[in-house]
Amino acid sequence: MSALLLLYRRELALLWAGGGGPLLACGFALAVTAALPLAIGSEPVRLVPIAAGATWIVLALASLLSLERLFERDHEDGALDLLALGPLTLEAAFAVKTAAQWTAVGLPLALAAPVAALSLGLDPGLAPLTAGAAALAGLGFAAVGALAAALSLGSKRGGLLVAVIALPLYAPPVIFGAGAVTAAQQGSAPGPALALLAAYALCACALTPFAGGAAIRNAQG
Amino acid sequence: MSALLLLYRRELALLWAGGGGPLLACGFALAVTAALPLAIGSEPVRLVPIAAGATWIVLALASLLSLERLFERDHEDGALDLLALGPLTLEAAFAVKTAAQWTAVGLPLALAAPVAALSLGLDPGLAPLTAGAAALAGLGFAAVGALAAALSLGSKRGGLLVAVIALPLYAPPVIFGAGAVTAAQQGSAPGPALALLAAYALCACALTPFAGGAAIRNAQG
Amino acid sequence: MDIENGSQMIAALHVSDLSIARGERRLFAGLSFALAAGEAAQLTGANGAGKTSLLRAVAGLLRPDAGEVLFEGADGPLDAGTARSTGVQMLAHQEGFRPGRTARAELDFQARWFGARAEAVTAAARRLDLTPLLDLEVRVLSAGQRRRLALASLVAANRPLWLLDEPLAPLDARRRAQAAGIMAEHLNAGGLILAAVHDPLPVAAREIVVGAAA
Amino acid sequence: MDIENGSQMIAALHVSDLSIARGERRLFAGLSFALAAGEAAQLTGANGAGKTSLLRAVAGLLRPDAGEVLFEGADGPLDAGTARSTGVQMLAHQEGFRPGRTARAELDFQARWFGARAEAVTAAARRLDLTPLLDLEVRVLSAGQRRRLALASLVAANRPLWLLDEPLAPLDARRRAQAAGIMAEHLNAGGLILAAVHDPLPVAAREIVVGAAA
Amino acid sequence: MFGLANPERFMRFSAPLVGPLWLAAGLLLAVGGWLSLTAPPDYQQGDSVRIMFVHVPAASLGLTAYAALGVSCLFSLVWRHPLADAAARAAAVPGAAFTGLALITGAIWGKPMWGVWWTWGDARLVSVLVLFLFYLAWLALRSAIEDEARAARAAAVLGLVGLINLPIVKFSVDWWNTLHQPASLLRADGPAMTAAYLTPLLTMMAAYGVLFAAVWITGIRTEVLSRRLRTLRARRAMEV
């Protein structure tokens, strides 16, 4: 128990103070949202229909960015070896890292998501739904993102490899999340899409630790 | 002369085989473009007006992703110290790195840009213009991105800090580049926007080496 | 400074008929030795002979080609997984500290991760004269200061089996003497030390030659 | 194996009244010494005394607080920038090799960056018995093999002033003897060596104590 | 100016200024606020014209503060002026706040005037946003590097680079066709505005200016003091 907490606190500190940080993730998300109309034109007729979708893509990208460092730095400076010799299995350590990633990046992004969506012209009434769905999606992003980071350990390609592995796995949460908000925007029920989103996030959390643990063990040679 | 070439070949090899690589950058750009219609719906009325803008944002993001490693790895494993003791000034080394980044990431992305734009419904006749403008913008991205990477050396934040620094500097090429294509799409002349784009890229290439050299020297303490 | 954990404690290490290959190359084969509580062994051998690889295999970080690593407790054989997750600590070339964090945060995490109590961490830091350095980033520590930080985490966690990879190289003369004292104390308390070295360990230690000769 | 470059060649190094501070702390002050062609000096001092920092200041990688580092050629003072970019090579703890590239690629780049010709690189690799290792990734080399790769780049580039940070620590006995031979040869050819050490250098070298005493 | 290079001298010189500056800022804000509220409503804009008294000085000070930051960065980088980094740091937060305020009030004003909160086609608006992002990037970089001296120099380089944006913000209304009002105050042929608005506007400008001076000097003083504290602590750690 206390080992879980110890590791969780370390990971949180690393993500918070260094390696990304919620402020920077949110800043990135908001800046990209701000840049979007810049490039595609700012007429509401253009923006409103894509508000939900664009928000989700931005979320996915922002969660992607700090992922690379989740395991790689630990691998390079030998800390991953320490983790392997510690009181937790690598599977548990992987799960703790996922949880920390979600707390430090996913949740703050869930707060930034409604802001981004509103600035693109989303109906303010949909803000709570957007935040909730973003939090759920963030859980999925964190889990499959961490798996991608673990799989690309020790490769020469780093960041972009993580992105390329994670991106297809990010598609379902993006589709379901944006789908839920778009459905609500068009007056139909967001429930089904939300249920799919939740199912995806939970399955990801339940399954990725096993694959992730194996991936780390493999990278240690 | 031969030192320039030696360094350029090393940087190219690093970017090509490792740390990103044109394939991965292009893969990322195309994957995001493919995800866009998933999120915002695939009706041409939605896609066509944003084709140019979305392409440029995707380009900017893709050029952002591999930047972090441009100097950071060299800094961490001590290679930056070797560069400082070598036959070139750090300013020249910075310029060579920028050139390599452009060759390895900017130019391949310039080839991917028309593909991405066409898949979003851009008029095929505009493909050459898109590629040319993307190549120019890529030069600007490479220069100011390398500066951002050099400035954030030795920081605790890494990737996202690079993004936050680069973002305001990326705005002009995105605006001018997307502006040129959009202008052509709407039947007016892309010339003025292209001229601004070229001016920005050239100024960036001429000025950033000085700032970048100072930033590297500073990081070495 | 007695090593706790009762029956979970590692009382002996048996390496039998171990063989390790890296890439297409076999580093060594048929290496066997045993190490009992209170004993130290130093691995010697040419560069690239496989000392570091052997340490990693004992720690379970590298899968050997053939042969086995067995841990024995006071009451008989221990499960390798349990033994490693409660009884083994390794000090590698790369100490595993994150350069951007403070020495205090890193020592605290590492030592407590390996089971140290908070007071033990403070005591170990004081013992190794690290107290004035604890607020510095690990990045700015000198090579020897960093190594002392790693030693402090070993001392604080006080696990029975220490795997050390050239532990004394970056230390100055005074610190080497101090490290010798720490190792001797660990052995007296029933600990085990397996160290890869180029210069002889400053405590009585059996020599195990790794490589061609093995 | 004569050192070339005629008048550009560093004939002496003068460090005068140097003082270095890191963070809020002054490491040492008023350190002066000179080193002439064919001479070696070893920097000794406690951990954290500032040996590595001094080497970095000589290399121009660290701005000293006060004092100067002057280079002298055969015909008089040299511009520090030119002297450093043509005459100085440093071997730090971190050898500057990229783990994911092959030893061949890294040695080739590093040596030629410092001015070696292609044949010199091959000869140096052969001399240090690296030829069979050249196709491996740097990541998988052992600590000693990696250090030998760095020595090969020094030998191949053959710049006059070598700054070495604990150069021999990870080497086995045979390689230490070989490294001693290489250093002696460098000094005979008119080179200069400034090394931070904890164990004495295996060549005749003046001792410079860094830290409190200075 | 160079006489103040010495932090001691600056502290001595600025100590008696702090109180009066805050006082003056408070007074001017009160007077300016009253004048703004009692100015007659505009025949076209009605009461929303009052936003001008908040918006214009905020935008103007956002620019001025960046200029202060940029020049401080120049001093810090080129002459290693010991106060310059503290000055840059102390200018960044109020500068970002003023710029943010200009963005927000501009958006609020834009809704009744142009029918939209925000438009991306307008070079002035976009360049002000870029200015705001520069502030954020500067603050992020300045705080992301642990070593103070290094952080200061890296941030100084970025601050100098950001200076390029200032003329773009300032002259965007003249160089490009924009929705935004062209300069009506600082013009070659004198201000084009009736006295009824000019007086409150100028008072508010003065108030913001003095407020910025007060915040800035206080910030520099705090920075110098905390630096002294750090040095003291480090010295004590050495003695132990």
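Note that the chains take the letters A, B, C, D and E in the order they are written out, and that residue 1 is the start of every chain.
In this section, a contact is a pair of C-beta atoms (placed from the backbone, for glycine too) under 8 Å apart; a residue touches a chain by one contact, two chains touch by 3 or more.
Model, not experiment: these values are computed from the prediction.
Ranking all chains by how far their C-alpha centres lie from the centre of chain E, first place goes to C. Two chain pairs, A-C and A-E, are weighed by contacting C-beta pairs, with A-C ahead. In this assembly, the C-alpha centroid of chain A lies 36 Å from the C-alpha centroid of chain E.
Each chain gets a centre from the mean of its Cα atoms; for chain D and chain E, those two points are 49 Å apart. One finds 46 Å separating the Cα centroids of chain A and chain D. Centre to centre, using the average C-alpha position, chain B and chain E are separated by 31 Å. Each of the following residues of chain B touches two or more other chains: 18, 76, 156-157, 161, 164, 167, 171, 175, 221. Counting partner chains per residue, chain E shows two or more touched chains at residues 126, 133, 136, 140, 146-147, 238. The set of chain C residues that touch two or more partner chains comprises 93, 100, 140. Put simply, chain A touches chain E in their complex at residues 23-24, 27, 31, 34, 37-38, 41-42, 44. Note for the complex: chain A touches chain B at residues 17-21, 24-25, 27-28, 31-32, 35-36, 38-41, 46, 49-50, 52-54, 56-57, 60-61, 65-66, 68-69, 76, 156-161, 163-164, 167-168, 170-171, 174-175, 178, 182.
By the touch rule above, chain E contacts chain B in their complex via residues 77, 126, 130, 133-134, 136-137, 140-141, 144-147, 150, 153-154, 157-158, 160-162, 165.
Looking at the complex, you find that chain C touches chain D at residues 22-23, 45-49, 52, 93, 133, 136, 140-145, 147-148, 166, 169-175, 198-199. Against chain A, in their complex, chain E makes its touches with residues 116, 118-121, 126, 129, 133, 136, 140.
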